[in-house]
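Read from first to last, the chains carry the letters A, B and C; within each, the first residue is number 1.
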Amino acid sequence: MANTIEGATGTWEYVIGLEVHAQIISNSKLFSGASTEFGSEPNTQVSPVDAGMPGMLPVINMTCIEQAVKTGLAIEGTINRYSVFDRKNYFYPDLPQGYQISQFKQPIVSEGRLVIEMEDGSEKVIGIERLHVEQDAGKSLHDQDPGHSYVDLNRSGVGLMEIVSKPDLRSPEEAAAYVRKLRSILRYVETCDGNMQDGSMRVDANVSMRRPGEEYGTRCEIKNLNSVRFMSRALEYEALRQVDILEAGGKVAQETRLFDVGRGETRSMRSKEEAHDYRYFPDPDLLPLRLEQELINGIAASMPELPDAKRHRFMADFGLSPYDASVLVAEKENADFYEAVAEGRDKKLAANWLISELFGLLNKAGKGIEDSPVSAPALGELLDLISDDTISGRTAKEIFAEMFETGKAAGVIVEEKGLKQVTDTGAIEAVIDEVMARETQKVEEYRSGKDKLFGFFVGQVMKASGGKANPKMVNEVLKTKLDG
Amino acid sequence: MSFDKTTIARISRLARIATTEAEQERLAGELGGILAWVEQLDEVDVEGVAPMTSVVEMNLKAREDVVSDGANAEGILKNAPRSAHGFFVVPKVVE
Amino acid sequence: MTPTDLTIAQARDLLAKGEISSMELVEAHIDAMESNRELNAYITETPEKALAMAQDSDARRAKGEGNGLLEGIPVAIKDLFCTADTLTTAGSHILDGFKPFYESTVTTNMWREGAVMLGKTNLDEFAMGSSNLTSYHGPAINPWKARGDNRSRVPGGSSGGSASAVAGRLALGATGTDTGGSIRQPAAFTGTVGIKPTYGRCSRWGIVAFASSLDQAGPMTRSVRDAAIMLRAMAGHDPKDSTSADVAVPDFEAGLDKGVKGMTIGIPKEYRSDAMAPEIEALWQQGIKWLEEQGARTVEISLPHTKYALPAYYIVAPAEASSNLSRYDGVKYGLRVEADDLLSMYEKTRAAGFGDEVKRRILIGTYVLSAGYYDAYYLKAQKVRTRIAEDFRHVFGHVDAILTPATPSAAFPVDEPPSDPVEMYLLDTFTVPVNLAGLPGMVVPAGLSGAGLPLGLQVIGKAFDEETVLRVGRAIEQAADFDGRPEGY
């Protein structure tokens, strides 16, 4: 899909900005000592602070702040040593205090950036306006009772990072690449598990359409997108909807919309119809947050290698293609697995085996790398057997399938099945002699110029050896004998 | 500052407090009076003055990231006007 | 002397000598509470709890253990403090039936020091008021009456029930909270002592919030010494309150009698106006004289932004309140007016649950924070607040404490309150600047008005220098020799 939409009256361009809400990895909530664990019984992880009980006060969880700083550094943002928590006031049953503690005017991180890679190998820098820390709300269930909604406050007060991109994204693909890249970074620095299904990462997308190069149009915000696929579909739908309005001479209304997954369309959110007036003001229960430079320096010093750096290293030091490097670094676990396999071995061979063999089987089995039945040392052993000519590449694939199936070591399978390659010249010569004696007619034809028959002889020799003859040696000896 | 019923209706909606027309009328007068009175603040020169953020000089203290609270659904729900199956229950919310 | 007439210090000494038991003290107070219900000082009396706590205290003492600062002392708690499993109303209909499962830090501190709870005292709804007239539970009544005038008078507010209880001998001491004068003004109206400590001295955790940047708890007692004792028991750093100060709590009682000799006391000229009642002016002059007679030097000082304190307060406090009171929405606790849809439920609940003054302040607060008005009102007021704090900082470079009148007048009749909101707000003229600057302020009874009603003087100190404030207060108390006893109580 292109960056533009061809309407009846001409070309339209996407302008997309994303607000990603990422749940901070921490044991306890942002302002209370209640657990952040997912999936517990309703209202069992709620302190009186999280329930907005009278007289309750927030106390900041330092780990959440450090996580935000770490993330800010990972997106190359400016860490603001002075930031302020504000109250965002609105009424909603899952917002027990009647306000959300957030950061409005002075966020903890500003002006970051993130590089996305497109499928054609091109790169694009996407600006990040800010990252701020805020509380999550509880959860309202609307389908339990026809006349009522049920409220569970377990999530109320869990720490979130809201990461706001600039309107730099120009297609649903770029938006998808941005979310994937951001998720990858968050997982690298271990500040958010990136689990979109459970809602620990959610996206609000702002989208408008414009004539290429012209001023921004009026945008709509699509709330609570919980998968990259749904986001892309929602953006595509919303773009067409807006283009239809604009081409008919209408005006897009600035509003909040919801993506209906079942119908594949966006619709206006009734509950948000009322004009927002959040009455932000600094939370008087909290003081401004001042960060020591040493704290920031300490976090900076402990940063892991990030996906971009790793990717460049894989390309520069290991000679991997940009595509292979991108695939391997997307998930830190994959990259770590790869490095363990590639250590002291042929880097490209290791990359090929991960990408085309291991990932293929894992995908088919619906497993992640952490559940791989073949460990990195086990795969390394297999590659070693290839490199020292104990087995052929073809045999290796069969062995690998069995390793994946049974969890057995490569060496064990080679032993059990007698798959060791024959590299003894005498033995190979004997097989060749036997084949040539049997196929005298074909030998004649070959020698009278029918070169193509060489492959036939290789096949016959391999077959006669039970597939164990070293193919390279077979080639060499056969050539000498046939030509001789 | 002239204060009319429309303004009162708007802010009472924001504050989620139902007001009758008669109340809006009365409140417009009262709030108008109060806001006219506070307008004397305009006499104060606050050029270059930082707004007060905390009345006593101190640094924000932080908590350790430990789970120390929360496993008390009974306590959380015991004052609820309406609850069921461990949830707070409210009139249906339409999104 | 009857047990209810004792000061905390006297009761403490008698308890230590074994001449009275906590049980006797408590029983005498329960009797007094029952026979003086016309004061409407308590919203909830907790006699069973009081007797059980007294029994425990006496048992501790018998084992040689009970050595808390308030061991065995019966006190009243303003019904703004959350007390576990005891009704906590904030004087509002909207908290109907609310029984928290947690206990405020200040009351926890007091129980740890051995205090005994008699009950929860009446107050202006959500502490918003200067008369106690806004309580959903009806007004508390001042035990004092004007000479030859039988009309019931207000005890002031918002801690009116605590003031009535202490002045009416229904508790040896009581907790109050002070956002704009809510401890000091009722203390002045009832001839009692009240101190609002430095912001951050007492934890706000578990106290129903009115205006977070201004609220501060403090003691209300019948002597300066009692205030010193009780404040020490209430105060202390609390990790659960981010605005709680991590500073040591001194033995406030220890330095009480060191006197004011050599001190410099500031007399702010801006507190004087042509409109000031002559008897208030006279009382102030008397106070100045008393301190000079005891060896203090008094100097005229200027706090130029004083006049703007009240209007700034009436932006900041309602703004914070409008947000703090959003949690009362009929979902988690308290009153709910059922309706078919959520919006109606919210609007009906809050319309029915809040009284007029609370609604007024929520609406003002909502307005001044709303889009387009924030800078003109809230931000401006916070800047003015900085100016006011600077005024104090400047003068505290050369004075030890400041002396002002406590209130512009004595207590008014319940039936004749000031006619409009702004008139009512002006009652806090002398007390509000102290809250805006976060400083300690204390009111000490200094004499009677022409009509025979109590009047107080206010001592203002440097941040975290309650010791000096108490010393000056003690000096006034001694000089005034105030007989703080309303007729019939």
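The definition used in the following text is that contacts are C-beta pairs under 8 Å (C-beta built on N, C-alpha and C of every residue); 3 or more make two chains touch, one makes a residue touch a chain.
These figures come from a predicted structure and were not determined experimentally.
Centrality by C-alpha centroid: the chain sitting nearest the overall protein C-alpha mean is B.
When the C-beta contacts at B-C and at A-C are tallied, the pair with the greater total is B-C.
Note on chain placement: the centre of chain A and the centre of chain B lie 41 Å apart, centres being C-alpha means.
Mean C-alpha positions place chain B and chain C at a centre distance of 23 Å. Annotation: 58 Å between the Cα-based centres of chain A and chain C.
Shared interface positions of chain A, i.e. residues touching 2 or more other chains, are given as 48, 51, 59-60, 91, 93, 147, 149, 151, 277, 279, 286-287. Residue positions of chain B touching 2 or more other chains, listed in rising order: 13-14, 16, 53-54, 58, 60-61, 63, 72, 75-76, 88, 90-93.
Multi-chain contact residues of chain C, defined as those touching 2 or more other chains: 98, 100-101, 213, 239, 242-243, 322, 326, 329, 331-333, 340, 342, 346, 366, 370. Note for the complex: chain B touches chain C at residues 7-8, 11-19, 27, 30-31, 33-35, 37-44, 46, 49-56, 58, 60-61, 63, 72, 75-76, 78-82, 88, 90-93. Per the touch definition, chain A reaches chain B in the complex via residues 26-28, 32-35, 41-51, 59-65, 84, 91-93, 140-142, 144-153, 258, 269-271, 274, 277, 279, 282, 286-290. Chain contact summary for the complex, chain A toward chain C: residues 48, 51-60, 87, 89, 91, 93, 96-99, 147, 149, 151, 277, 279-281, 283-287.
Put simply, chain C touches chain A in their complex at residues 81-82, 88, 90, 95, 98, 100-102, 104, 204-209, 211-213, 239-243, 319-320, 322-323, 325-327, 329, 331-333, 340, 342, 346, 366, 369-371, 374, 378.
Interface of chain B with chain A (complex): residues 13-14, 16, 53-54, 58-73, 75-77, 84-95.
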